[in-house]
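Quick notes on the structure that follows.
Per-chain residue numbering starts at 1, and chain names A, B, C and D are given in the order in which the chains are listed.
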Amino acid sequence: MSQKHENENIKDIMDIKKRSQWADIWHHFKKNKAAIVGMILIALFVCLALFAPLIGDYQDDALKMNIRERLQAPNADHWFGTDEFGRDIFIRIVYGTRISLFVGIISVSIALSIGGFLGSIAGYYGGKIDNAIMRVLDVILAIPAILLAITIVAALGASIMNLMIAIGIANIPGFARVVRASILSVKDQEYIEAARAIGAKDHTIILKHVLPNSMAPIIVFSTLKVATAIMATASLSFIGLGVQPPTPEWGSMLSGGRAYIRDYMYIVLYPGLAIVLSVLSLNLIGDGLRDALDPKLK
Amino acid sequence: MILNNSILNVEDLVIRYVTEDGIVEAVNGVNIKIEKGKTLGLVGETGAGKTTTALSILKLIPDPPGEVVKGNITLSDIDIMKADENKMEEIRGEVVSMIFQDPMTALNPVITVGDQISEAIYIHQNVSKKEATEKAKEMLEMVGIPGNRLGEYPHQFSGGMKQRVVIAIALSCSPKLLIADEPTTALDVTIQAQVLELMRELKKKFQMSMLMITHDLGVVVEVCDDVAIMYAGRIIEQGTLEDIFRSTKHPYTEGLFNSIPSIDDRKAKLKPIRGLMSDPYDLPKGCAFCDRCDYQMEICKTMKPEKVHFSDTHFVECHLYNKNKDFKLNNGGK
Amino acid sequence: MSETILEVRNLKKYFDTPKGKLHAVDDINFSIEEGKTLGLVGESGCGKSTTGRVILRLLNATDGEIIYKGRDIRTLSKNEMRELRKEIQIIFQDPFSSLDPRMTVSEIIEEPIKLNKLIVDKEKRFERVIELMDLVGLSRRLINTYPHELDGGRRQRIGIARALALNTKFIVCDEPVSALDVSIQAQILNLLNELQEKLKLTYIFITHDLSVVNHFSDDIAVMYLGKLVEKASSESLFNNPIHPYTQALLSAIPRASLDNKVEKIILKGEITSPINPKDNCRFADRCNYATDICREKEPELEEVAPGHFVACHHFKG
Amino acid sequence: MLIPVMLGVTFLVFFIISLTPGDAATIILGNGATEESIKELREEMGFNDPLIVQYGNYMKDLLTGNMGTSYSTGKLVSGEIGQRFPNTFKLTFSAIFIAILISIPIGVISATKQYSIFDNTGMIFALVGISMPSFWTGIMLIIAFSLKLGWFPSSGMDGLQSLILPAFTLAIASTASITRTTRSSMLEVVRQDYINTAKAKGVSKKNVIRKHALRNALIPAITVIGLEFGILLGGAVLTETVFSWPGIGRLMVESIQRKDTPMVLGCVIVFAVAFSVVNLIVDILYAYIDPRIKANYN
């Protein structure tokens, strides 16, 4: 082979910058305008949740009833109006953001850690272990997730803690399946064999090759599942099985306002919009990530 | 030029793909002529523009991102450029049909092979469904598959059998031109031999013309009369089998020959073409092969070479022959 | 002068499938001398790749011995095996799936050195990576690119550099050029040839393409459905193919030449899969010369001429 | 396959429900009951037996169609559920029917005209559709179509008129998600080689889509329809609550509030069985559409 030796100094070559893959992903992600809108909206929700106390006091503004000011239409003092107890709907939505995001993220973390663990064991080792795990999960999958969550909360009692546990457990099989499928698709690649051929140990292979390459679908799925978890939180609270009044939560606010929809529809309009916007944003981000992380499109 | 004797005439065809990353000039002024009953081999490596050229004859370039910029295509006296979608539907399968590379994916997995063959017959010929099925059975037997397997699905056939079914579909309406896009590349050698044998036989039987796309000069010897060598969207050398194999003119053609490990001469040393094909997004101003060429001259970098004719059948696009048609390559031909 | 570096005895690899036991490799024997190349040839599904993987213990053999420099690879402990992997390596067929898409060129080439703690100093290791890139003809400026940004030929060079990163003596080349274009294929074949001379490597060259091995191998073994049907020196095999399958295979290769036309032998049918095979000649169904004995009894691999082995009831040289 | 899964499901649900705090005997007899009578009832109902024995007894009864008696009304659970089941069936099947009817054509047209205005609007609607919680959509539809326009009743079950709003409410999310799947699998299919083969033999555009692409694209779509049915069953709980629809979903919510354990258990089991049966139908449909799967069964 005729070999052109470039007279480059070793030091110079060492300085050639390695382009990070995250930069690549971000480069693709930011081309997707819808996903960027979703990102901005979610950032807004997060800010609202973090800085809620700057907008209004939890005890005085979000909880305390003020019968004199009840059922006001949106106005300069109360941007989204007041509810049947005279509480400011905007401030209650802001505090509701905290609960929705918190429950969403924690319940997905529960499902991801347990489901991910089961899924990766099933996927990497295969065979009988795989079979046993997947059959048990099939049983859980036979009950529609939201019904399972309802049943669990019904048995354990309604509280934020139980809500997170219930939604988390109901999502375990889904995560296990996604993680398993993703690991299976990576496991058979030749570069895993190549790693074994150069003497890499099992844990090196899993940590350095299998996991990084199977992350993409898991990240996307998690994003989308935070959205469904937020929806589930609101749903359970709506039927009285989640967050209990007077704690401000979007679903329970809707439930409380139902009696007044004939004349005061804004009571149910804004909490609902909050749900739609947060869930929509997460879905947009999820779609954007799916495209940006797909190596086929690169 | 005797026009009415040619079945396919492609003139100055330019096709490009417009993508996010830029414009790819996939086909860059291609001329092809195939005479009745003759087989032309279109040879080139990945990305040379062979398949794009073939798809344009059927007007099946995916648009977007593909775009036929200019050129004329005359197929059996029909002006393809002016034909509308309805007209094209009549032409496809009836006048021209195409075999795709991978038999594993070329058949619809949820439709029986019988229905896939009879569909073309039913569309183009004035027959009943029953007659079409009858004809499909004949076709299946003609490609060497028992007629009673008509009702089976593609997954029940092996790779070679699938390619036979694909051939049966393509020939079901006795087209005047058959385009075969690497029909044996995905097959094992012994199966390839079977399929090539079958194609030779059927070509004789149907008296049709053929455009054989391949990267394998060995396959060319077995089925083709004429050869066109394609590189970076242009045909850089064309001639009869004798022309190309016995008096190779283009350095790229020579390079291709030198890259093939010979089965009969173990001592022959491989002399690969150096480097890689130019970036299709950014083709050089001059000859596209210039960077890889052992005979490179100053003019090659700046000017596109013109056609140089050696006979009625043989031409080359290379600056080497501008002044001296008798220039000899180091190792021309085999 | 040259010694046997690897000997495979009665090697078997069976897979359990829903339809029964798949005899992917079924009792094969061969040996390779140091610095030589053995071509292992056959069509898809004949068990040639499985053989390669079993030798490297990427798959565990069902039965048999794999003697490398006097030791049976199958009996080595995990640590001993890891030690041995510094000497025996593999180059894969698919230059796309054999490189981790999330690692850069230098990370891929560096990984074996790092894992086996061959060179601990970071800068020295880096110099070694550069040296390897020069050796396989990879331009230095590609050091921090990702595989998906490169073409098949360059990716295959990365795979070769990775295989050479350790103290490699023995390489299983699993169809290293079949996914590449002709001109690139020749580049890689020449590179492998040069490396063999320079580094005194021993190769098992697995391929479906007889013309490639002819060019390359000292000895050739032809496989069909898990069995060796013919084994000989390249010269002997090409000049005097004896087994009907080898003859058909040789004649079927399209020759890019107008001279030396060869009469084609067209085989019947297609290769099946060796699931629960009967005790007969596995080639019998497709063989143009098959008789009753072929369908009843399995032929043994016999020496029909010095160094030329054939497993056939009828053709014995 | 169905039977072991059902055994697992019943056990799982039985186990979860048994976690309910509070003493069943006290619930049945009310707070005023004497210590003595509570103890007696406990013995009589077998509440002192180990869980597995209780489960065994329940299953024995279940096989004869006996699901126990309601704690609160004293009526047979099976009777109550039998009465309500047709209503839920009516609601969910109308919803899935509407969803399929709308989503498949829109998905197909969107895919054939990728990036057209039709496609873009369709996809925006689909995204919003999967982001809207059904209970909120329901309330909004009530405000618009029954309170403002007065076209449909806002609650209860009284003829076809009353079915329309709840069925549409329930259908929206499923419509959106089936549309998205149909579109993306259609886009995948039209890129396949066999579509080119079909075009190359002169099949008209319309027939390429109808005869060659659609059947292949339906395979993933059917999976999603099966999964969506599970989500629909969960959604029925909420929709029935919003529209006071006398189905099992509402019965379940009411029973949870009344701590009527046998009734809750019965409802969840019926839901799980319904979902499993639908999944079985989906599997059969698969085999009908995809000959490769049929081959596995033979």
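Just so it is clear, contacts are C-beta pairs under 8 Å (C-beta built on N, C-alpha and C of every residue); 3 or more make two chains touch, one makes a residue touch a chain.
Since the model is a prediction, treat every value here as computed from it, not as a measurement.
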Minimum number of chain-to-chain contact steps, chain A to chain B: 2
Chain pair, A-C or A-D, that carries the greater number of C-beta contacts: A-D
Chain whose mean Cα position lies farthest from chain A: B
Whole-Å gap between the CA centroids of chain A and chain C: 48
Where chain A and chain D are represented by their mean Cα positions, the distance between them in whole Å: 23
For chain B paired with chain C, centre-to-centre distance based on mean C-alpha positions, whole Å: 32
CA centroid of chain C to CA centroid of chain D, Å: 55
Multi-chain contact residues (two or more partners), chain C: 187, 190
Multi-chain contact sites of chain B, meaning residues that touch two or more partners: 274
Topology of the chain contact graph, where touching chains are joined (line, ring, star, complete, other): ring
Chain-to-chain touches, reported pairwise for every pair that qualifies: A-C, A-D, B-C, B-D
Of all residues in chain C, those that touch chain B in their complex: 43-44, 151, 153-154, 181-187, 189-190, 208-212, 214-216, 234-235, 238, 248-260, 264, 266-267, 270-271
Residue ranges of chain D touching chain A (in the complex, touch as defined): 4-6, 8-9, 12-13, 16-21, 127-128, 130-136, 139-140, 142-143, 147, 230-231, 233-235, 237-238, 241-242, 252-253, 256-257, 264, 268, 271-272, 275-276, 279
Residues of chain C that touch chain A when the two form their complex: 53, 56, 58, 82, 85-86, 89-90, 92-94, 97-102, 104, 111-112, 115-116, 123, 126-127, 130, 134, 137, 139-141, 143-144, 146, 148, 159, 162, 165-166, 187, 190-191, 194
Parts of chain D lying in touch with chain B, wherever the complex brings them together: 192-194, 196-205, 211-212, 215-216, 289-292, 295
Residues of chain A defined as touching chain D within the complex: 135-136, 138-140, 142-147, 150-152, 154-157, 227, 231, 234-235, 238-241, 251, 254, 258, 261-262, 265, 268-269, 271-272, 275-276, 279-280, 283-284, 287
